[in-house]
Amino acid sequence: MRIGVPKEVAANERRVALTPEVVGRLKKGGFEIVVERGAGSAAFFPDSAYTAAGATLVDRAVALGDVDVTLQVQAPAAADVARYREGGAVVAAFQPASDAALVRQLAQRKLTTFSLVLLPRITRAQGMDVLSSQATVAGYKAVLIAASATGRLLPMLVTAAGTLPAARVLVLGAGVAGLQAIATARRLGAIVSAFDVRPAVKEQVQSLGAVFLEMAIEEHAETAGGYAKELSADTHQKELAFLAKSVKDADIVITTAAIPGKKAPILITAAAVDGMKPGAVIVDLAAETGGNCELTQAGVEIVRHGVSILGPLNLPSTLPFDASQMYARNVAAFLGHIVKDGQLRMDFTDQIINDTCVTHAGEVRKS
Amino acid sequence: MRAVSELSAILATALFIFALNWMNDPKTARRGVVAGIVGMTIAVVATWIQPEIIHHGWILLAIAAGFVVGIPLSLVPLTAVPQRTALSHAFGGLAAGLVGAAEYFLWLGEHGTGAAVEMTHFRMGALCAEVILGFLTFTGSLMAAGKLQEVKWIPQRPVTYPGQNVVNIGVLAVAAGLAVAMVLHPDAPWARTVFFVIAGLALLFGILLIIPIGGADMPTVISILNAYAGLSAVAMGFVLNSKLLVTAGALDGSSGLILSIIMCRAMNRSFTNVLFGAFGKAQPAVAAGEQKVWKQETVEGAAQLLEQARTVVIIPGYGMAVAQAQHKVAELYDALTKRGVIVKFAIHPVAGRMPGHMNVLLAEANIPYTALVEMDEINPEMPQTDVALVVGANDVVNPAARYAKSTPIYGMPIIDADKAKTVLAVKRSKNPGFAGIDNELYVLDNTWMLFGDAKAVLSDLVKQFGSGGIH
Amino acid sequence: MTSDFGSMLFVFILSTFIGLGVIRRVSRLLHTPLMSITNAISAIAVVGSIVVVGADHPLGIRILGAVALFASMTNIVSGFLITDRMLKMFKKR
Amino acid sequence: MRIGVPKEVAANERRVALTPEVVGRLKKGGFEIVVERGAGSAAFFPDSAYTAAGATLVDRAVALGDVDVTLQVQAPAAADVARYREGGAVVAAFQPASDAALVRQLAQRKLTTFSLVLLPRITRAQGMDVLSSQATVAGYKAVLIAASATGRLLPMLVTAAGTLPAARVLVLGAGVAGLQAIATARRLGAIVSAFDVRPAVKEQVQSLGAVFLEMAIEEHAETAGGYAKELSADTHQKELAFLAKSVKDADIVITTAAIPGKKAPILITAAAVDGMKPGAVIVDLAAETGGNCELTQAGVEIVRHGVSILGPLNLPSTLPFDASQMYARNVAAFLGHIVKDGQLRMDFTDQIINDTCVTHAGEVRKS
Amino acid sequence: MRAVSELSAILATALFIFALNWMNDPKTARRGVVAGIVGMTIAVVATWIQPEIIHHGWILLAIAAGFVVGIPLSLVPLTAVPQRTALSHAFGGLAAGLVGAAEYFLWLGEHGTGAAVEMTHFRMGALCAEVILGFLTFTGSLMAAGKLQEVKWIPQRPVTYPGQNVVNIGVLAVAAGLAVAMVLHPDAPWARTVFFVIAGLALLFGILLIIPIGGADMPTVISILNAYAGLSAVAMGFVLNSKLLVTAGALDGSSGLILSIIMCRAMNRSFTNVLFGAFGKAQPAVAAGEQKVWKQETVEGAAQLLEQARTVVIIPGYGMAVAQAQHKVAELYDALTKRGVIVKFAIHPVAGRMPGHMNVLLAEANIPYTALVEMDEINPEMPQTDVALVVGANDVVNPAARYAKSTPIYGMPIIDADKAKTVLAVKRSKNPGFAGIDNELYVLDNTWMLFGDAKAVLSDLVKQFGSGGIH
Amino acid sequence: MTSDFGSMLFVFILSTFIGLGVIRRVSRLLHTPLMSITNAISAIAVVGSIVVVGADHPLGIRILGAVALFASMTNIVSGFLITDRMLKMFKKR
C-alpha cells in the first residue's frame, strides 16, 4: 500500500504527518511511502533523513495524487482537493464542522477522509489520540509563553538582592493541556493552583502537587464519557464570580477550558481582568474555539492596563519536532487500525472508524 | 568433677546465648553457629567425663550413627529444608520422650532397692511433661514433615471433621489427667501401665494436632513444635536437675514461641488458631492456598523479599501520583540500589492521568532517566524479574487487556507484571482503577498485596531498611 | 530440694526472658536459620541421653538412651551444618 | 538627601532603578525621592504605587537636574548630560570603557558618576552586585528563549504517542548566569552538562545535579580574584576542538563565557556549528561582548542549516519586574554604602567606592 | 515460708526485668516504674514476714526515715538530678558496705558458738568484695555529688599529680591483697583489724578515684558507680545466698556498665580512661569542658536532640548542594514535622554558589515554600530555637562576620545560628568555607559536630527516626 | 553448697545477659531515667538490711542494719519517684 506525505501548506504550520523514524517502522510494516520534498524541513527533518529511512522523495502532485492514502496534519487545502486521486483516502486532523464547504468538496471527489480530532477518547484509541498528544505540547508551551511574557521569574529565589517570591500560576480547565501546564509550571517552581468543573479532576490536580480551587457546583458537570457539559446559566454566573476573585492575585493564568464540539466557555470576564495585577499574563489556549477570556483575540496579544492576554494558535506547530514525532506515531497507529492486509477496512461497526470517517464513497458522514 | 560440670554448664549456656545474640545479624551469624557448636561440645564432653559414665563404646556408636544420619540430612535441597527441620524436631521430641521413659523405668527399677533418686511430685510432674511433650512433638513433627514432603499416604489438605476440637482436647485432657494421677501416686501398681497410656496418648495427640493444618500454616506449626521440643528439654532438665538443660531448653522454647507468633502476624493468622490446629472456624490463610483470594504481605515481609531480590521492577501508576509518593519511591530506589539490587522503573505510556505523568513526578524525585524503561523494553525482562513492585498502578498491569474483549482496555498493551516471579502491589483498597474493571493480577498465586496509601506504605517499607532489623 | 527446685525455676524464668529478648531483635531474614539453630541447641537433650546410655543401667534403659542419644546427635549435627549452609547463602555485603 | 529616578530612555530598556518597595525603605532611611512620571510603567510599577510609597512624581528635568543623586539603570544618555545638576551624582550600571566620549562629558559636567558594573566581587559587595543579580535573570531567561526556539520539549515524556527523550542542554561558562541556566534547564527536565575553565566550577556544577565535562587544562585558568584568565592560544585551540565534539549531540547550547573587561572568548567555531544537529539552538549570552560563538550576531537570530544562533541583548530588561526589584535593592544597598549622614563620602580608600567611581570632581577616574 | 520467699523472689525478679524492658519505650516507661515498685514491695514484704524477723519497730522506723529523706530528695530541680543520683549511689554503696560489715561481725560473734553459718572461702571472698565495692561506691559517689554540687571544699577541676596511677592502683591492690589474706584465714586473730583496714582503704580509694575526674566525665562516672553499687548487691547476694539480690544486682551492674560505655562512645572518650579515672595520658574530653575544641555528636545523640526539640531551624549551605543532600534533608523535615516538631529552613541570601542555589534544591525536594524563611525574619527567632541544624553551611553562619574587620566576610549579615540553644553542624572536615576563614561557631560550647558527607550523615540521621530506637 | 554456689553463679550470668540485652535496645532518650531506676532497683540491698536489722542480733549489728535499711530505703523511694517525674516530662505523642 502506497502512502503519501505532502508538505503542510497552511499558514505557520510547521509540523509534518510522518517522521523518518515512523517511516522506517511503516516500511517494515510493508507500506510504501512517498514524501514531498521539504515536507519535514520546517520540523527539522531533512529530506535526507526520509530517504535514509526508505521513503522516496516526490513532488506534491505525486504525494497527493498518486498514492492510496495521504497522511497530513491540517485539512486538505481547497485548492488541493482536485489533486487528490479520486477515491483515494486522506487522514488529517481537522474539525469538519468548521468548514462544511470543504467537506462537501472532499465528498464530491469521492475521497475517503478521516479526521483524527473525531477519535473517541477510549482506551483502545489512546495511541492514536492526536488531541491528547498535541494538547500535551500546547500545555507545555503555554507555560513557556506565559513565563516569557510576564515580568517575573517563576521560581522563588533568595538572593543577595533580596527575595523574589515564586510566581502564582492559575490553570483553568485541567484536561490534557491543563494538566501538562500545571506540571510544567510546577517544574519551573511556580505556586500552581487549578480549577475545573469536573469533580474527577480535583484528585488529578493534586496528583501533580498543585492546589485545586474548590467551588461548590450543584449540578453534575460531567458527561457519561467523562467530558465536561456546558453549565447552566446561573452556575456559570457563580463560576465567573468565583474566578473573578481567584484571578486577582495570579501572576499567570492559563485557560484551557473546552467542551467538545462547543464554543469554549467564558471563564474570565473583562471585569475580572480589570481586577488583576498589572504585569499579569493570561494565556488562553481556547482561543481557537472562541477563548475562555472575554477579551481574548485569537492569534494576537492584547494588553488591558498592564494585563496582557494572549490567544496563541496552533501551539504544537511551534515545537514542530516533538509535536510531529507524536503526531506521526498517532497517525501510524491509526493507519495500522484502518488498514487490513493492504486494504482499507471500511467497517463502520468499528467505533474508531465510524467516528473518524468524515467522507466516504461520495457522501458526507460528519459535518 | 561436680565443679567442672557446673562450670562447663555455665560456659555452655553463655555460649548458647551468645550464639543466639550473634544470629541477630547476618554479619555475625556464622560466628553464632560456631559458638553453638563449641557450647554443645563442651556440654557433651563435660557430661561424658563424669565418673558414672562407663559405657563409652555405646556412646561412641550412637554419636557416630548421629553423624552418619545427620550429615546427609543437612545436605537436603533448600526446598526441602522445612521438612528437614520438622524431621529433626521429631528426633528431638523422640529423644526427650525416650530419656523420660528411661528415667521413669530407672526409678521404678531402683525404687524397690531404695537406691532411687527421690521422686518428688514436682519431679514426677516434670517427667510426665517431658514424656508428653516429647512424644507429641515426635509424631506431630513426623506428620508435618510428611505433609510437606507430600508423602502419599498423608493427606496434604487440612482434614477437618465436626467435633474435632472436642476429640483433640479430649485426648490431651485424658493424658494430662492420668499424668496428675501418676504425680500423686508415682508408685501405684497401675502407674507403669498408665505411663504407657500417657505416652500413647501423646503420640496420638501429635498426629491429631497436625491433621487439620494446611500447607500455608506449616512453617508456623513447625516453629511451634520447635518450642515444644525446647520445653520438653526443660522438663528433662527439671527431672535430671540439670540447669544446662533447663536454660538451653528455655532459650529454645521461648524463642520458638516468639518466632511462631511473629510468623503468624506476618501471615496475619490468629496464633491461637495455629497453636491448637484447626480449632474454631475455617481459616482464611489456608483457603488462600487453594482458591483465588487477596493475600496480604507485611512490610517486613515485603522488605525481606525486595532486599533478597536480584532484580526489582517498580511499576508506578496513578496511585503513586495521588499519594505523592514519588519521593518515598525514590528513597526505596536508593535503599535497594545501595544494597546491590538492580532496580528499574517500568513506565507505561498511559500510566497516570496525563501524558508523561510519571515522568514529571519521578524527575522531581531525581530518579535518573536511565532507570526509566519503556514498556516494550521491560516486558521481555519481566520473566527474569524477581519482584515486580506495583505502586498504585492498575489498568496498565491488568492482564485482562490481553484477552477480555468485553473490557474497555482490551487491546491496550500492558506491562507484564504478572510474569514476574513475585508481585507486590500497593493500593488502598480492592477498588478497580480508571477503567473500572477488576484486575486478576492482584489475586495471582505469586501476588501479595500491601494495602494502604502508597506514601504511607512505602515509607514504612523504607524504614525497614533503615532500621537495624534488616542489614 | 525445694531450694534446688527454686533455683531451677529461677534459671528457667531468666533463660526464658533471654530467649524472648534475643528473638525480638532478630531480622526476619534470619528466622529460618535461627529456627534451625535453636533446634540444634534444643538437642541439648543429648546430655540426658548420655547419662542414660553411659551410666551402669539395665540394658533396656541403655538401649532407650542410645536411641535418644543417636536422635539428638543427628539433630545437633544436621542442625548446625544446615544453619551454616543457609548463612553461607546470604548476599555478601 | 534628594534622590531622582528618571525613566530609562535607552532602546528596549524596561527596567527602572527604584521600585516602590525600595522607595518606601529609602524614605524610612531619611531620603527624599522624586520619580519621573511613568518611570516604572514599563516594568509594571504604576506611578500610583510610587506616590503611595512616598515618592513625588516629577518631570524628567527635575529627576535629573534637581536632585543630589540620580539613580538609573543605563548610562546617562549623551543628550541628557547637560540636564544633570552640575556637581551632582549619578549611579548607573554601564561599561565606561565602551563609551569614553560620554565619560569625558560626564566629567566635564563635574558629575560624580558611579558604575555598578565595576563593583569588586567581594563578599561585602554582594548586596550591591548588579552583575550577579542581572546575570541571574539572564541565565534564567536564556533557557526560556532556548526552550521556545528549539523544536523539542525539554523534559522526557513517556506517552501513548511514544516516548520523547529529554533534551540535552550544554552550558558553556558556569558563572552566575551559567549556573542559573543550568538550574533552570534541570528544572524543566533537560539533561544538562556544563563546561568551564575554572577548576572550582566543577563542584558547583555538580552541586546543581548537572554533569561537568572534563577537559584536561594544563594551565591555571583562574586569577587570584577567582575570575577566569584568557587562555593561551594552544589551550584555546584544544578547548575549541573539545567543545566541537561536545556540541554535536546537544539540542541546546547556552554560552556565558566571559572574562571581565575583555572580549568574550570564542568557544564555538562556525565549523563546530556545522557539526550540530538540525533544530539545535545556541543562545549566546556573551553577544554583548562579542559572543562565544563565531557566528553570533548581537540582537539577531541567524540560522545556519537548521541550527539557530541567538545573541539576545539585555535579557534582564525582558523580565523587568523582577530584574528591577533586584536592581533597586542593589542600588539602595550601594546608596547606603556611599552616603553617610546625608553626605556622599568620597573615601577612595574604600575599595567599593574607589572601584566604582567613574568620574569625580571633573576628572575621569575609569575609562 | 521458704517457698514463699522463693516464689516472691522469682516474682520480684520477673517484675524487675519487665520494668527494665518497659523502660525501652517512652510509651511503656511509666508502667516500668510501677512494675519496679511492685517488685520491690514484694521483695521487702517477703523478707519482712520471715519468722526470724522480730524487731519490726526498728524496721518501721528505718523505712519511715527512708521515706522522710527520700521524698524531698526526689523533688530536687532537674539541674540537680545528677548530684541526686550520685548521692543515692552513695547510699546504696553505704548500705551494701554496712550489711557486709554486719554479716562479718555476726559471723565472728557466732563463730565461737558454732551457730555461725559456715563461712566458705567463696563466701568470705564475696563478703570482702561487697564491703570494698560498697564503701568505695559510697565515698566515690559522695565526691562526685560534691563536685557536681560545686561544694566549696571539693575541687571542681580534675586534680592530677605525677604517680597518681601508682598510688590509686596501689591502694586498691593492698585492699585486694588483704582481702585474699582474709579469705584464706577468715578466723585469724588479725582478721578483725584487717577487715577495718580493708573498709578504710575502700573508702579512701573511692575518693582517689574521683579526684582526677573533670565535670565532663561525671555523668559517665556516675553510671559506673551505679554499676559498682549493683555489683556490691550481687556480692551481698552471694553472701546471704539470695538469688533475688544477685539478679537485681546483676541487672543493675550490667546495665550500668553498658550505659557507661554507650555514654563514653557518645562523648568519644576512652571507656577505660574513665573507668580508672585519670589514669594514663591527659583526657581530651575533659579539656573540652574547659577550652574550645571540636566536640562530636553521634547520630543517635543528634536524633535525640532533634526529636525532643520544640523548634528546629535547618540552615543549608553549599555543602548540602555539593552532597546533593536535599532529598535527605526533606526526609528529615518530614520525620520531624510528623513528630510535631516545628521545622523551618533559614535561607541565607548568599548560601551556596549562585543566587537562589538553595531554593532550586529545596524546591526539587518539595520543601513547601512556606517552610523557607528569610534571614531577617529568622534571626529574631533564633534565641528561642532549640536546635539549629547547619547542613554544609559555613561562611553564612560565621559570627566573625559581625566583628572581625580583617576577614573578607566582615559586615556580611549572617544567620545567627550561634544564638540557638543547641547547634548541630554537618560538614566533612575542619576545613574553612568559601571565604577561607575559620568559624568559631563550630567550637562553641553549645555546638556539636556531625562530621561526614551531608548526604550520608543525614540519611543516618533519618534512619534513627525510622528505627525502633526512638519513638 | 557448691551446687548452690553453682546455681548462684548461673543466676548471676543469666541476669547479667538480661541486663545487657535490655539496655542495648533502650532509646538514648531514656538513659537518665533508666539510670535512676536501675539505681532504685539496686537498692534491693534493702532485703539484706532487713534481715540484719530485723533478726535477733546484737544491738551493734542491728544498728548497722538500721542505717543500711534507711539508706537503701531512701534510694528506693527517691529513685522511683524521680524516675517517674522525669518520664512525666516526655512529650506526649
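Should a chain be cited, it is by its letter among A, B, C, D, E and F, assigned in written order, with residues numbered from 1 in that chain.
By definition in this document, a contact is a pair of C-beta atoms (placed from the backbone, for glycine too) under 8 Å apart; a residue touches a chain by one contact, two chains touch by 3 or more.
The structure presented is a predicted model; accordingly, all values stated were derived computationally and were not measured.
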item	value
Most distant chain from chain D, judged by the mean position of its C-alpha atoms	C
Reference chain F; chain at largest CA-centroid distance	A
Centre-to-centre distance between chain D and chain C (centres being mean Cα positions), rounded to whole Å	79
Inter-chain centre distance, chain A versus chain E - centres from mean C-alpha coordinates, in Å	69
CA centroid of chain A to CA centroid of chain B, Å	58
Inter-centroid spacing, chain F versus chain D (mean Cα positions, whole Å)	74
Residues within chain C bordering two or more other chains	3-5, 7-8, 10-11, 14-15, 17-18, 21-22, 25
Set of chain B residues in contact with two or more other chains	13, 17, 21, 243, 247, 349-350, 355-356, 360, 363-364, 366, 468-469
Multi-partner residues of chain D (at least 2 other chains)	126-127, 132-133, 136, 155, 157, 159-162, 164, 187, 189, 209
Complete list of chain pairs which touch one another	A-B, A-D, A-E, B-C, B-D, B-E, B-F, C-E, C-F, D-E, E-F
Interfacial residue positions of chain B with respect to chain F in the complex	2-3, 6-7, 9-10, 13-14, 17, 21, 243, 247
Sites on chain B touched by chain A in the complex	318, 321-322, 324, 349-350, 352-357, 360-361, 363-364, 395, 408-412, 435
Chain B partner contacts - residues on chain D that touch it in the complex	155-164, 166, 189, 191, 209
Interface residues, chain B side, partner chain C - complex	12-13, 16-17, 19-21, 23-26, 29-30, 32-33, 36-37, 39-40, 43-44, 47-48, 50, 52-56, 58-59, 61-63, 65-67, 69-71, 73-76, 78, 81, 84-85, 88-89, 91-92, 94-96, 98-99, 101-103, 105-106, 109, 118, 120, 122, 222-223, 226, 229-230, 232-234, 236-256, 258-259, 262-263, 266, 300-301, 303-304, 307-308, 339-340, 468-471
Chain F to chain C touching residues, read off their complex	3-4, 7-8, 10-11, 14-15, 17-18, 21-22, 25
